[in-house]
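Shown below is the structure under consideration.
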Amino acid sequence: MSGPRVAVITFPGSLDDRDALRAVRLMGGTPVLVWHRDRDLGGADAVILPGGFSYGDHLRAGAIARFAPVMAAVAEHAERGGPVLGICNGFQILCEAGLLPGALTRNVGLAFVCRRIHVRCETSATVFTSTIAAGEVLPVPVKHGEGRFVADPETLARIEGEGRVVFRYCSPAGHLGGEWNPNGSTNHIAGIANDRGNVVGMMPHPEHAVDPDVGPTGGQPMFESLLQAVPAGV
Amino acid sequence: MAEAAAGGEPIHRELGLTDEEHDRIVAALGREPNRAELAMYAAMWSEHCSYKSSRVHLRELPTEGPHVLVGPGEDSGVVDLGEGLACAFKMESHSHPSAIEPYQGAATGVGGIVRDVLSMGARPVALLDPLRFGPLEDPRNRWLFEGVVAGIGGYGNCIGVPTVAGEVRFDPAHGPNPTVNAMCIGLLPADRVLRSGGGRLGDLLVLIGARTGRDGIGGVSVLASRTLGRAGRDDRPSVQIADPFAEKLLIEACLELADRGLLAGLQDLGGAGLTCAVSETAAAAGAGAELDLEAVPLREDGMEPFEILTSESQERMLAVVRPEDLAATREVCERWGLISAVVGRLTDDGALRARDAGRVVAEVAARSLTDDAPLYRRAMAVPAGLVEVQADDPTFLSPTVAPGDALLRLLAAPNVASKRWVWERYDSIVQGNTAAGPGGDAAVIRLEGSLRAIALTTDGNGRYGRLDPYLGGAHSVAEAARNVACVGARPLAVTNCLNFGSPERPEVMWAFRETIRGMGDACRALGTPVTGGNVSFYNEAEGSSIPPTPIVGMLGLLVDHRLRLGSALRPGMAVYLLGETFAELGGSEYAETILGAVSGRPPGLDLEREAGLVALVVEAADRDLLAGAHDCSDGGLAVALAEAAIAGDCGFAVSLPGDLPSHVALFSESASRAVVWLDPSAVPALEDLARRQGVPIERIGESGGPRMVFGEEIDAAVVEAAAVYEDAIPGLLGRSAGEPMVRSTG
Amino acid sequence: MRRRFEVVVMLKPGMADPQGRAVEDALPTMGWSGLTNVRVGKHVELTVEADSEDAARALVEQVADRLLSNPVIEDYRILSAEEVR
Amino acid sequence: MRRRFEVVVMLKPGMADPQGRAVEDALPTMGWSGLTNVRVGKHVELTVEADSEDAARALVEQVADRLLSNPVIEDYRILSAEEVR
């Protein structure tokens, strides 16, 4: 394997770590396993915080994982402009760690929801969406119980104003509306980025959307964007 | 003399042991048991652990077959899938705790069945959840239903094992007695099956996972309340709090231990806790065991030896480890954040000896706890009135509802209606191998790195079981086989959960025996041995008992997952009915929902025809002749076609088969039938194949358009049917307005 | 009269509390020591309109017993009753 | 010195509380009226070993602020500090 090295962190209770590693491999990257107690990212070019229930999601999703030793390395990597993708529980961890603004709260229906949905890409100005046109609709699955994005009004205005909303839940044709929003998320937000566009968090699961035998394929362009942005061996 | 409790009743009776059973214990020990020993026997000789009422009948089930690597007797059955891979699978009941605390009861049920599969050294890859409740109009039933579903999801989602299929059915008799079963499937290398007999002299017994508390000591708690002066059953709820996070760590740690070859054996701690795990490990190894109760990590202070020995605290496993592997074993556990403790070792004298503070507190022959257990041949009798109910055949009642209205009402009937509300609460895709999740006839899980896949389903029909337990047992196997075949998989093997009332009632025991006879005959005819299962008796409360509720979990094998069939209709296809339709509305969904009659005899079952249908569909799928398939079950042909139309958002126009009255042709539940659809170019090959295999086949129409047209009888819009079908359960729960219901569009 | 009540629902003593356990086990790795016996439960606040303090409290008792807790596994206690406008 | 603390964590006022809402909606269906403004939060109990009451409270403050609550969405308060053996 020779593609860019993409680390996937395993926290106690991570569940989609193997799936993320598999997706990296299928899309041509070199998967790197990183353990929550590690203090570095094993020389990886990019890092994925996978989905799951780290520490059982006790207290709040991501509340305990953000204290893991490896998170200092993730913060440094992000600081240097390195790509960081938080998927589902990974998104929750990034918010808890302050690497992304806002918080993810109980779904409005109070129930876990596993469903194939669609998201509309809102910006190409992130490492993970550089090959995706704004307005493009991607089929991806969601599966979470705490995915309703909230932020205080100023923060929300800033995220929106700076074009940092990366994905919104939408209809297959790209329309917004309550019936397409699986968790009641503010402004139908499914994913956001930091100000430099190198840290992205999203509730849907692109790693479960690369292999047509077992799901939709809306995750493929995200991995393509990433692998293009970090050529191997840089 | 047997020890008497304060109230004068001998303790053994309060522990659920009869006087004869007490005498057996005295004979086995050659003396009176002490309290700890009595607790151990009481737990091990309970119906739940000893199968004392069911064993004589369970022997009648076929258990052997060319793929069977491990049959009944171990924690799970194991079958060979080829290419060096094997599959462990098992089903179990957790109905009783779920009836009083639905969330935790169901969640701990999932945890337990996962550990049964884990203890074979298998990675759990799928869960299924057959459920039975009383009608949702009753708020208590809604509370149970929502709680159970939340608990199953809460556990399965958190351990990262996809819940890929299941069943929900409703029957007033399940109101006070909901049935909550859970099935788990695991994968492992065929040459690395962990068996309980793997230990040898000097091996260490290492307890891994949660601390031990006063959990689920159940009947044995009377020892504490009556003789030790503690408050009693009230502060010993028979429900435990599930800890799926601990289970996830336990799964990873145990699999790493197995992968690294550090395990001589692995046992889950279920009923009768440490006593059961240690005695089985020792007995299977032909050894004895020394246990040091002081070494057991406890959650509470002041636990008595009998409590430690019989506690059923969750999320614990017992590893059998060679002394030289101990350090590595502990290192793995530590890395996963789990407590491990050496609580004993295997000895050569055949005795299970427990010490506390150096003092021997219990000493029994390890084999005695299992081998000396009583075996009952309980009295059996045909239930009064059954013959009359069977004679009251609703097939010949005249219909009062137009066929189109009847179809919509059936699609909205809770037994038939979409269970999306349930399965969208389950993570069905984690692990990345779910080729087909909930919503089809059977789930399909791809075997990673291979073209092969397994197909999974659970089935059981309470009406059939009530009206004719023999047929109820047989149909549950037949329907499961049909479901597996309809995704293109060959049925391989079966696990079951037999949910019944009290075995002490002759009608229940008769029904139990009949069910097993039917199940056994069907399994033999379809070539699917039973590799394990579970019996849940005493499902009685408030003066009502559940009907015979046998649930079959079936495993099928697809040699190429790309050839799997779906049940979503596509336009432009020729639509065929395979099999023959008879005038059989007895026990049908139509009879119950439209005619208000649960009577008559269930449809007949010609097992040779059933095997023929299954073989035909599998071969047609193998040869890539079919575009899709859906079996006929509840609601007959009409519901089967409507479900396919809803799933594919595609209509059809068909004529009715045979010259039966139209409502019979539409809604008869005759067995051994499926609808299939295929590209017209494949028609000659299919017809030829069916003829050669002797399966009746009839081209009934074509697919396409927005409407469902059955001859002159029904003409309904697919979207209308879909709305009725999808909204029924949320409507009953009063949620239709609140939570957005979005249909899958991917 | 309107009163604001607080109801605390905790797992019965002796029952495993996985949430408390997970928090407690994580504390040392975050650099905090000396914290033990962590238990996590629910805290519910609600406003009651009733004729008297007694009537209000009786109502809260009922709600706590039948809706907010399952007495099979949980105990509840009512913390305070503050008058609100 | 060992003290038992109780920490209450509630969603900030103004933050939607779907759980509180669900409880509130369930009340009338169970035949109760006059109950409003239901909020559901967390109740955490923990024992602290520290040199002084002040040190203990400071530690609890830290844990409540950094771990038990998320300041983006939640407020916490420390209820009581009872001495235990």
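Going by the order they are written in, the chains are A, B, C and D; count residues from 1 in each one.
Everything below uses one rule, namely that contacts are C-beta pairs under 8 Å (C-beta built on N, C-alpha and C of every residue); 3 or more make two chains touch, one makes a residue touch a chain.
Owing to the predicted nature of the structure, the values given are computational and were not obtained by experimental measurement.
Engineer: Which number of steps is the smallest that gets you from subunit B over to subunit C via touching chains?
Structural biologist: The fewest steps needed to get from subunit B to subunit C is 1.
Engineer: So which one's got more C-beta contacts, A-C or A-B?
Structural biologist: Ranking A-C and A-B by C-beta contacts puts A-B first.
Engineer: If you average the CA atoms of subunit C and of subunit D, how many Å lie between those two points?
Structural biologist: So the centre of subunit C lies 9 Å away from the centre of subunit D.
Engineer: Can you check how far apart subunit A and subunit B are, centre to centre, with Cα atoms defining each centre and the answer in Å?
Structural biologist: Whole-Å distance between the two chain centres: 36.
Engineer: Between subunit A and subunit D, what distance separates the C-alpha centroids? Give it in angstrom.
Structural biologist: That pair's centroid distance is 30 Å.
Engineer: Two or more other chains in contact with one residue: find those residues in subunit B.
Structural biologist: Expected reply: 243, 245-246, 337.
Engineer: Where does subunit D touch two or more other chains at once, residue-wise?
Structural biologist: In subunit D, the residues touching two or more other chains are 30, 42, 67-68.
Engineer: Considering subunit A alone, which of its residues make contact with at least two other chains?
Structural biologist: 55-56, 58-59, 64, 67, 108-109
Engineer: Within their complex, state which residues of subunit B touch subunit C.
Structural biologist: Listed in rising order, the residues of subunit B that touch subunit C are 100-101, 104, 210, 213-215, 235, 237, 239-243, 245-246, 299-300, 313-314, 337.
Engineer: Hey, which residues of subunit C end up touching subunit B in the complex?
Structural biologist: It is residues 11-18, 21-22, 25, 70, 72-73 of subunit C that touch subunit B.
Engineer: Mind listing the subunit B positions that touch subunit A in their complex?
Structural biologist: 150, 153-154, 157-160, 243-246, 248-249, 336-337, 423-435, 446, 561-562, 738-742, 744-746
Engineer: For a test of understanding, state which residues of subunit C touch subunit A in their complex under the given definition.
Structural biologist: Its residues touching subunit A are 18-19, 22-23, 26, 29-30, 40.
Engineer: State the interface residues of subunit D toward subunit C in the complex, per the touch definition above.
Structural biologist: Checking each residue of subunit D against subunit C gives 4, 8-10, 20, 23, 26-27, 30, 32, 34-50, 59, 62-63, 66-68.
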